[in-house]
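Common to both upcoming complexes is subunit A, partnered first by subunit B, then by subunit C.
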Partner chain A sequence: MRLKIEHITTFSYDHPISEAYTEMCLRPQDGAGQHCLSFSLKTEPHDEQLNYRDRFGNDISHFDTIQPHNQLVVAARSVVLTPDHFVQSMAHLSPLDEFDFLQGSSYAPLLSEISALAESISTPGDPKASALAIMRHTWGAIKYEKGATDVNTTAGEALALGRGVCQDFAHVMLSACRSQKIPARYVSGYLYNNGYSAASHAWVDVYIPGEGWLSLDPTHNVEQNGQYVRVAIGRDYADVPPTRGIFVGNAKESMEVSVKVDAVL
Partner chain B sequence: MARYIERSEDITRLLAVNFDALLDTTPEEARAGWLPLLTITGDDVIYKKAYAEIAPRSIIEFLLWHPDNPNAVTACINRARENARTVREQISSEMWEHINRLYFLVRDVNRNAVLDNPGEFFSQVRNGSQAFQGITAATLTHGDSYEFMQLGFHLERADKTARILDAKYLHINSLGEDPAAAYPQLIALLRSCSAFEPFRRASKGELNLEKVVDYLLLDRAFPRAVLFCLNRSLHALDTIGSDNSPMLKSEHPRRTLGRLSADLEYLDIHELLGANMDPYLDKLLYSLNAIGDDVARAYFNTRVILPDSRPQYQQQQQQQ
Partner chain C sequence: MPGRAGSEQKMVEKSVLDTLYDISQFYDEMFEATGQPREHYRTLHEQLGSLSMEDFAEKHRVADASFLYQGITFTVYGQESGIERIFPFDLIPRIIPFEEWRQLEEGLTQRVTALNLFLQDVYHEQRILREKRVPAELVFSAKHFRREMMDVTPARGVYAHITGTDLIRDKSGEYFVLEDNLRSPSGVSYMLENRQVMKRIFADLFGRYRVSPVEQYPQALLDTLRSVAPHGYSDATVVLLTPGIYNSAYFEHTFLARMMGIEIVEGHDLVAHNNKIYMRTTQGLQLVDVIYRRVDDDFLDPLAFRQDSALGVAGLLNAYRAGNVTLANAIGTGVADDKAVYAYVPEMIRFYLDQDPILNNVPTYVGLDEKECGYILANLDKLVVKAVNESGGYGMLIGPHASQAEREKFREQVRANPRNYIAQPTLALSRHPTLLEDELYGCHIDLRPYTLYGEKITVVPGGLTRVALRKGSLVVNSSQGGGSKDTWVLRE
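Moving on, here comes the complex of A and B:
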């Protein structure tokens, strides 16, 4: 599909703040069948951006806003051509990747409850079947609901609560897969939802030895298809937040996010 | 950069003078003598958290290199060097090499050996700072950068002289007219500002508190006197930049500095003696701080890093 994405994040402060350092992980990927046809990242106040690749291969933009300001706006716009099916064949994982994607992480720790649960539904020796079972189970165990969790909620908390948003589904599945020694990584991106999307989306890639990465969405219990736009991968949300930063000043901050994903001909 | 170098010099001078002056005292006298050093640098609260007792060795250690002390001599030299590094293309290579050497000297010194016998180290740091100022004067084009450095050196000097005066005045005042008690204190006070010999030449031999205060605050020719430093700072501000607008913005540092300097210029020292000294000096120090802030705001985009903490927050993050 050809999809047009607009993702605008606005930070407002009740007093002027200064020295804001912001990093953005917003650029859709090129690769594995996906093509980012155009991408623009505009910031207000306008400032020079420094771009670099992090070790997962994600494109990160960094910019500083030193002078006092009351508002910071980050607007990312892109047009992306997505494949019907996500394919990333890889006969072996590098030892570093294998290590990274099997460890517990801050949002997806290895917990005994999740471990036990994953073991009960997995098929030993068949990572693909196990991953699919985990995806289906996660989908069933959590009800999609905004406002029940927040951006700091971990996998254990979300599962206990039984409610959450995409990143919570992803974290639970990550924890479960890793407990079964299935390397799994967090995917951040967008989902085309017939013209309306209130937030960016998160799902999970699992590694099947001898084959490669398989992309599964536990929020919807489906495999990644043409409606998905991939932006970044990491161990969990903490590696790839759309924006992250710090600022200096005595002010209250309020944040507004608007995401639009449309199909283009 | 200039302020940090000057600060490291002034603190070491203070340490050196006190160290010599208190060699022959009883433990109680020593304690009373060392305590003002902490109030001078303003870090007594931090000191109390780090140490249980007030002992010369601890104070020297604290003021030279304790990790919790943001104004420790080593911390100041580190920051000066860092600042120098960021403006390396604009300072002379002699300046950079010198400050770099000073940094390594301070970093690699044997700390225990210094604490056992600190006199040599104090001299080295002081010489390092004074040499830096000399090298600066001799190798840096006397343009805006040079004037900014002079502004830094002299604001810091004014601040330290005022603080030293503030810390010692009450104690010396309480000693009364007895020369035997007051003289050593007055001499130590003067030496803390490298003012002993100049003072003697200027005052023709009479050594009393009133004349010393008058000299340290109001002398126009002695380079560490507060008024001299303020006037030199004013000169620096007038020289910097080409802004010829007659009306200055209300927060412009020239305003505050001008008023402060004029106040001192016409001050009658007798108004200040006794109980009025401490509040006056407090106000003076407060104004100097504000001027430092104003300079940063008027000429630089970022704020001066004073020892107070700057509140820093994380931006909110969005759920996916």
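Moving on, here comes the complex of A and C:
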């Protein structure tokens, strides 16, 4: 599919602030069948951006503003061609990936209750079947509900609560897969939903030895298809928030995000 | 007590040498096992024979006053009163013959070269891990391994511009490396001050030895820092970044900045803009090229590392990544001085340089290795167990001197988190005659030479000899009752 994305973040301050430093992880990836046909990232106030690639291969933009301001707008616009099936074959993982994607992480810690559950539904020696079973189980164990959890909720808390959003589904599945020694990574991106709700989304890649990465969405119990746009990967949400920053000034910050994903011909 | 060999000095009624001195079973720096002074100590030995305890006490008062007057103090954490102290100083210098030093210099150069190649490798291709010469898990689980440094290449590919290597000698007198300090090694100001005081107090004796100078250190450090400026400017603006007056080494920060003639700044004196670092001055913003930082990685940049840090500069990592500023030492060097990674430095030397190590490691058992962990647990009464991320003599079990309860506590800790522990045999550190409570006593010592790496590697001839000023104590750290001595490296 060809999808057009507009992702606008507005930071507002109740008093002018003097310095702000912002990192943005917003550029859709190129590779594994996905093509980012165009991308623009504009900030207001405007200043020089530094683009670099982080340890996971994500494109990060950094910029600062050192003039007084009480609003900061970050607008990312892109057109992306997505593949019907995600394929990323890879015979071996790098030593660092093998380590990072098997470790517990802050949002997806290795917990005995999740591990026991994952073991009970896994098929020993068949990581693909196990991952699919874990996806199905996660999908069934959590009810999608906005506002039930927040940006700090971890896998254990979400599972105990039985409610959450895509991020929570992903973290539970990450914990479960890693507990079964299946390397798993967090994917941050967008989901096209025929113009309905949707927008920013998160799901999970699992590594099948000798084959490569398989991309699974536990929120919907499906494999990644043409409606998914991949932006970044990491150990969990903490590695890939779309924007993060700090500011200097005695003010209260509020943030507003609007994301639109449309199909284009 | 060994006799006084033909001294031309005035005879005193009771000299320092007339107290009972026990050479004991350790390697003594001054005396052979027979009680004769070693050749390079003979002149000093004669001089000692001509000095009474009162003479020494007088010299000591002059030295202490000089240290206090210059404000050479350090901070002891966790004490109720008077945490500012002068660093205890012993007047009897440690002497290292030329040939011995040449070996050390070669060994340190080799080791620092390999450690830098290791850092370059783990933050890029990771060859040594792919070839399983060093366990990947050990490196990636190190507290100071910084994923942010992956594929970032510092100027000239140098990571550890300043290294302070801790060396000890065993019973036979062989030198061993105990620790590689690759983050912000401190203590060099004491090396410089000790020398200044000794030259004044023992002008005569100093003149009778051909001692290599150490006074050039600040200039050599500045040259090193300039040589790694982002665009090779020889007139680069270099600043020293300090955490501030509450840091235990603040005296050293001001001292070094003054000696180099550079600005000392705190985080709020710097600002990042368009991926460059500027210093706020009365004339406006001034571009900074090199930061000699004495602030830990965690606190350097609240955007990249600890958000609650008020000591750093937001945006610093990205200015660094963009190649517009050099940090000395680089971010992430701590992965190579993790106490468990240390065990693999000889392997690094073989892997990168295809050489045998000139300086050996102390035998080390790594908790992460199942077999070695078993050995540690079975021999807690014989070993020294150390937590890998603690320093200054904290987080340590000295097995033979510990109580059963203390050993059991460590057993639990090692079992719960084996990655976090290493163990070494109890070391018979060499001893050096030292004045302790009005008598000559053999105190245990170590040696921390400083190695600079910019365009090339240089080792300053000398270093900080730390001395355990409690009888029988093996702990030389200043926070645990240690002091220092001047270190005289003899010229050819």
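Quick note on the criterion: the second predicted complex is superposed on the first by the 261 of 265 C-alpha atoms of A that agree within 3 Å, B and C clash if a C-alpha of one lies under 4 Å from a C-alpha of the other, contacts with A are read in each partner's own complex, and residues count from 1 in each chain.
As a working rule, contacts are C-beta pairs under 8 Å (C-beta built on N, C-alpha and C of every residue); 3 or more make two chains touch, one makes a residue touch a chain.
Quick caveat, the model's predicted, so the values are computed rather than measured.
Colleague: Following the overlay on subunit A, give me a clash-or-fit verdict for subunit B and subunit C.
Modeller: clash
Colleague: One more residue to check, A:Glu19. First (subunit B), second (subunit C), both or neither?
Modeller: After superposition on chain A, A:Glu19 lies in contact with both partners, subunit B and subunit C.
Colleague: Look at A:Phe101 in the shared chain and tell me whether it touches subunit B only, subunit C only, both, or neither; answer first, second, both or neither.
Modeller: neither
Colleague: May I ask you to decide whether A:Val257 touches subunit B, subunit C, both, or neither, giving the answer as first, second, both or neither?
Modeller: Only subunit B; A:Val257 stays clear of subunit C.
Colleague: Which holds for A:Tyr228: it touches subunit B only (first), subunit C only (second), both, or neither?
Modeller: neither
Colleague: Just checking: does A:Tyr52 make contact with subunit B only, subunit C only, both, or neither of them? Give me first, second, both or neither.
Modeller: The answer is second: A:Tyr52 touches subunit C but not subunit B.
Colleague: Once chain A of both complexes is superposed, is A:Tyr192 in touch with subunit B (first), subunit C (second), both, or neither?
Modeller: Neither partner.
Colleague: Quick one: is A:Gly245 in contact with subunit B, with subunit C, with both, or with neither? Answer first, second, both or neither.
Modeller: both
Colleague: Going by the contact rule stated at the top, is it subunit B or subunit C that touches a larger number of residues on subunit A?
Modeller: B
Colleague: Just to be sure I read the superposition right, which of the two partners does A:Ile66 touch: subunit B = first, subunit C = second, or both, or neither?
Modeller: After superposition on chain A, A:Ile66 lies in contact with both partners, subunit B and subunit C.
Colleague: If we overlay the two complexes on their shared chain A, which of subunit B and subunit C does A:Trp139 touch? Say first, second, both or neither.
Modeller: Neither partner.
Colleague: Taking the two structures together, which residues of subunit A meet both subunit B and subunit C?
Modeller: Residues common to the subunit A contacts of subunit C and of subunit B are 19, 66, 244-246, 248, listed in rising order.
Colleague: Okay, in this complex, where on subunit B does subunit A touch?
Modeller: That would be residues 301-303, 310-320 of subunit B.
Colleague: With touch defined as at the start, can you tell me which subunit A residues reach subunit B in the complex?
Modeller: Touching subunit B from subunit A are residues 9, 11, 18-20, 22, 66-67, 146, 149-151, 165-167, 170, 188, 199-202, 237, 241-250, 253, 255, 257.
Colleague: Spell out the residues on subunit C that touch subunit A in their complex, using ranges where they run on.
Modeller: 126, 129-130, 136-137, 140-141, 147-148, 150-151, 271-275, 302-303, 307, 314-315, 318, 321-322
Colleague: Would you tell me which residues of subunit A are touching subunit C in their complex?
Modeller: Interface residues on subunit A, with respect to subunit C: 19, 21, 23, 47-48, 50, 52-55, 62, 64, 66, 94-96, 98-100, 244-246, 248.
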